[in-house]
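Everything on this sheet refers to the single structure shown next.
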Amino acid sequence: MAVRHYTNLTIDRSEDLIFGRAPHPVTCGHDLTIGAGTVYPEINFTLPPMEVTESTMPAVLDQYQKIIDGVCQRAVDLQVPGLVVEFELLPPMTIEPAWGESIVALLRRALDGYHDKHGLKIALRATPTDVRDGERPVRRRSGRYWEAMRDSFRRCVSAGADMLSIESTGGKEASDDALLQCDLQTMLVALGVLGARDMAFLWDEIGEACKGTQCLSAGDTACGFANTAMVLADRKMIPKVFAAVVRTLSTVRTLVAHEHGAVGPTKDCAYEGPYIKAITGVPISLEGKSAACAHLSSIGNIAAATADLWSNESVQNVRLLGGDAPVVSLEQLAYDCRLMNIAAADGADAARMLRDWLVRSDAALDPQAYVLTPDNVIRVARAIVEADGAFARSRETIAVTLDILREGATDGPLHLNDREKHWLDMLQMQLEMIPTDEEAAIKAACLGTKPDLVPGAYEIDDDKL
Amino acid sequence: MAVRHYTNLTIDRSEDLIFGRAPHPVTCGHDLTIGAGTVYPEINFTLPPMEVTESTMPAVLDQYQKIIDGVCQRAVDLQVPGLVVEFELLPPMTIEPAWGESIVALLRRALDGYHDKHGLKIALRATPTDVRDGERPVRRRSGRYWEAMRDSFRRCVSAGADMLSIESTGGKEASDDALLQCDLQTMLVALGVLGARDMAFLWDEIGEACKGTQCLSAGDTACGFANTAMVLADRKMIPKVFAAVVRTLSTVRTLVAHEHGAVGPTKDCAYEGPYIKAITGVPISLEGKSAACAHLSSIGNIAAATADLWSNESVQNVRLLGGDAPVVSLEQLAYDCRLMNIAAADGADAARMLRDWLVRSDAALDPQAYVLTPDNVIRVARAIVEADGAFARSRETIAVTLDILREGATDGPLHLNDREKHWLDMLQMQLEMIPTDEEAAIKAACLGTKPDLVPGAYEIDDDKL
Amino acid sequence: MTETTDAPKDILANIAQCVQTGKADANMNIPMGSKGQPGVAEWVDQAIAKDVPPQTILAEGLMAGLQVIGKKFAANEVFIPEVLIAARAMHAGMNKLKPLFAEQDMPSRGTFVMGTVQGDLHDIGKNLVCMLLEGAGWRIIDVGVDCAPEKLVAAIKEHPDCAVGLSALLTTTMVAMGKAVSAIRESFPDKTVIVGGAPVTEEFAKEIGASGYAPDPSAAIDLLDRLQPAA
Amino acid sequence: MTETTDAPKDILANIAQCVQTGKADANMNIPMGSKGQPGVAEWVDQAIAKDVPPQTILAEGLMAGLQVIGKKFAANEVFIPEVLIAARAMHAGMNKLKPLFAEQDMPSRGTFVMGTVQGDLHDIGKNLVCMLLEGAGWRIIDVGVDCAPEKLVAAIKEHPDCAVGLSALLTTTMVAMGKAVSAIRESFPDKTVIVGGAPVTEEFAKEIGASGYAPDPSAAIDLLDRLQPAA
């Protein structure tokens, strides 16, 4: 597949980086155009405590049927201008691709019904699970788990998905420990070398699965890296400045999907989305305060500033006083979107005013929010496109992010406590110790000590470890 | 107790009716001033499925301890500028006043701790249950349930509540059926006669309980009337135009609390709050999209337009993927408030711009939202203060509300389908048939056919039925 | 309104139609302008005069009318007040039929004992379920709100063939619902007991040993048809 | 760092202190500028030379140091990387002590068998719990992720006096957690089995028959102290 190289920004002025508008909108599902001026809710949901097995599948299908009916009915009642439904497969539904397929088909039928009856503009995203680490060491490009994934891609598409996504985990064999140790060098290699190489492989496959179908090759997320860091930082287990660096760094990896054909909308939990939007111009999905049901965060408002879809990430189907949790989530998203769309209806300046409030409400309070201000997004994105190749880009991304944070904490509005400032210095030192040469950096990351890592899965010769 | 009569509006220009600012701010708890420019979250929570009995009380206390610790910790992490915690007693906690008292004391200790350790500005609202209809016919002013309530008021105050509220239900003996029948005449009598009289009695008592203490006599809500109507309308069981009329009508009843000394903040679920604010100038608590956990609604954004506290109404303590549901709610409220406060920091015009987006995002889509636009709030509030006495005010309120809805649907932006328009006409007809004389109206409402109603509880002689 | 002929079929159709519009009798002016025209009461009189069997009048006239309304309500095409008016019109017809059923009770789909559980005073939902089950032919014994288990058991003893419904609206009275089911099961192990109310779920119903759960009245009608099919 | 004297008391304090700062040995430059100064390894050597009993060195030097860090971590005063560095420094000392404990195992608070349940690959939480329990003196047998019940039972058979911990992060593997507890109970009815992970609650733990639930590692330490007090 042809690989596209981004050497310039598609959005190069921070004024133009705003919710609802992407330079390259996409159209899919029933009349849904994303990125052309309107922000739509993207609703996600998952099962309550229950097993997924052959024998529970009827009950599983029943759950999804009730959820989708509740959600779509509420969407009609609230007169949403459009809706994206995401179905994130759980591991057994990918390992047994027919199970995932049957749920996609069920959802498809429901969506068609609500479109036909109520004219609801609606589209379906399917997100198979990256189950390759079900066996360890992790082969990534072969074996029954990888075969199951490929089959799952195709079945989801043929059963009626309008967008295909994944939360891929290539490089995780090295990153889990690195996160806990705040080991920047290994994180760089995990994301900027291993992750990037795996993405190129994987997104060519996904592109193949979508080729010639109704289904968009949509986008990925570094959730398993950057959101793990975010959750750990939120629990005060690792420094927030480290989580902020992992976030921007993850852009380099996620961008590879778009170099390999992904057209958006990106995955909701990819907070690297804004950088991707600036670079590529594809529409992005994001989540913030109304995804608190799925994870707490310090970027509840700022995440909305540049979103084209606005998501709740995930909520299990439990009964709340107001109704089933997915319906409750849908309602919250719908109102959030209404506010953004009504401001945008007053013109670009008005929209920008709301955007800036969303930004300013969070930016000074947390480094993970601070790196997401439109100015900082453009600055990071520019550093990325100006460097060549994933490895060099990663190094540049870390450097510019540390600069942004230091400047923000010194002359700018960013509040960092002493422990965070200490870690900012530690990270700077770590960066300076990372070799500028890719092969040397790989060697220095001691990948040979990672028990689950198969070098060949990342095109690394054993002697280069 | 001296009764205050409102004959003028305290806020008489819709420009001045806005979130965060009330003409008469109140200060309570630990350094918390409400209505002086900042919108604070008001967090509410309730028990998951479990019994409240003597033997389960240790487990109940344990639940509240865990909830309050989770909520306060998250408030500190998110650096909220201040927080109100509401504890809404469940019936057994009011019927056994010592149980409610022990929970108030527990919460008080927790709040003090977070204030002392982290400087969190924080205050506690206690809301005993109106349990008088535990026995039927409902005596209202005597009997063991009423005595328990009086005791509960005093114990909540002495255990450390900073605000006392209630969701009182005087008049419910007549209103439940009337709601289902869409019987405007009986609703008027239930709210404007029975409800108003009961409020005068009840709020004198609450004023007594608060006199000379740290505790504010805060405010009431017509939840049992207008929110019942809202829920029924939301489920498409009664017309929305009827629910809208019941809402404005309920203002007359709730206002009586303030005539009898309540200083605010009003109760969160009182969507009549904006009218109350315009009339009296007290700060108000409201709930909208982030209260979807407690009930769905069609006023998710517009409710925020004039709020001084922003609440989730209630969520049971269940585990969501992101954490315990009360913590999730707190986070959502905190971000909503951040947005309002940052806009207000840009000045009055900026705040008004955000307010107007909140208003416009909902107003045209539902009559219950439409009656809440600042212009319509002022118009209804003015009709109320210009009439004399609860009965006359009620009639005027209905008349002006129907005018507003008709004008909105004819020349304005309000969308009403044919069934709703039909009911608008029906309600107009009903209004015209309601006697202009209070005694005649009482007679016409056939209160004698209500099995649970004790006329003496409302100062009505049996021969006047 | 259907063209007026004397054929019993048409009379039954007129009864059903009048039930739907809520026109109880000639005196009533609902729908507007219909004052003086025959309503349910008058059409039922005519049917009786034509020797239409009372069971048929009940089933194919009155019940048929209310069932149409019940379906429309389930489809959100009419509001509760419209259902209530129809129910009242049906009762006007029932009153005419009662004497014809002599001593024995009015024929019915079965008896349904319904209450809100102990500690819970919410009854709007319960009342709606009762109303629409009545429209589906069930004879309703409403035992009210705040029902101790003993009260429920006593009511069931009086109507041993009944099905039972329990309503709970508070998380803290869901436990009482469990206790009520256990108490009923002790005396009547195989009794059909269905449960509902906003916080109640299918899973919870299973957990407490209820026979089934329904989210709304029309689902309750279907559920009872499954659990306790008409004879 | 504490003033350097030769009193065994002071040597133990220095060991504890070096564990806390993560200074494993003299070669290490953590904290910055400390290269050449003695670290855990050197202080342990000194203690041994002074005939301080190895149990004392372990308990009052190494463990004491890590416990301070564990408490600081629980109070959000240090980050995980700082705990990890401390743990590594402690291990440097343990390696010196091992030969002194002759054949028998290093003394420990007890053995803890820990795994993530079947179908679940999340292990960050599990690993943290293991690490901090180790700091509290437990000997850890980590059976990894995606553990079938048989695998858990086999590990317990090897360590019959152990306590067990299970982790689950997915709503859909909570059921597997229930099955794991049942399987363990079948062979070891009274075994202490504690559970945790983001979706797990106290109530759920009761429901599946676990011995207890803890939301985080420090609560897990307390919980085990209650359920299985030190001898």
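Order of writing sets the chain letters: A, B, C and D. Residues in each chain are counted from 1.
As a working rule, a residue touches a chain if its C-beta (ideal position, glycine included) is under 8 Å from a C-beta of that chain, and two chains touch if they have at least 3 such contacts.
Note that the structure is predicted; figures quoted are calculated from it, not measured.
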{"item": "Distance from the mean Cα position of subunit D to that of subunit C, given in whole angstrom", "value": "64"}
{"item": "Where subunit B and subunit C are represented by their mean Cα positions, the distance between them in whole Å", "value": "34"}
{"item": "Mean-CA-position distance for subunit B and subunit A (Å)", "value": "40"}
{"item": "Centre-to-centre distance between subunit C and subunit A (centres being mean Cα positions), rounded to whole Å", "value": "52"}
{"item": "Subunit A residues counted as touching two or more neighbouring chains", "value": "46, 48, 316, 321"}
{"item": "Of all residues in subunit D, the ones touching two or more other chains", "value": "171, 199"}
{"item": "Category of the chain touch graph - line, ring, star, complete, other", "value": "other"}
{"item": "Touching pairs - complete list by chain label", "value": "A-B, A-C, A-D, B-C, B-D"}
{"item": "Complex interface listing, subunit B residues touching subunit C", "value": "46-52, 90-92, 133-134, 176, 179-183, 228, 232, 236-239, 316, 419, 423"}
{"item": "Touching residues on subunit C, where the partner in the complex is subunit B", "value": "76, 79-81, 84, 119, 121, 123-124, 127-128, 146, 170-172, 174-176, 199, 204"}
{"item": "Parts of subunit A lying in touch with subunit C, wherever the complex brings them together", "value": "48, 319, 321"}
{"item": "Interfacial residue positions of subunit A with respect to subunit B in the complex", "value": "46, 74, 77-79, 234, 288-296, 298, 300-301, 314-316, 318, 320-323, 325, 327-329, 331-332, 334-336, 338-339, 341-343, 346, 350, 353-354, 357-358, 360-362, 365"}
{"item": "Contact set on subunit C toward subunit A in their complex", "value": "171, 198-201, 203"}
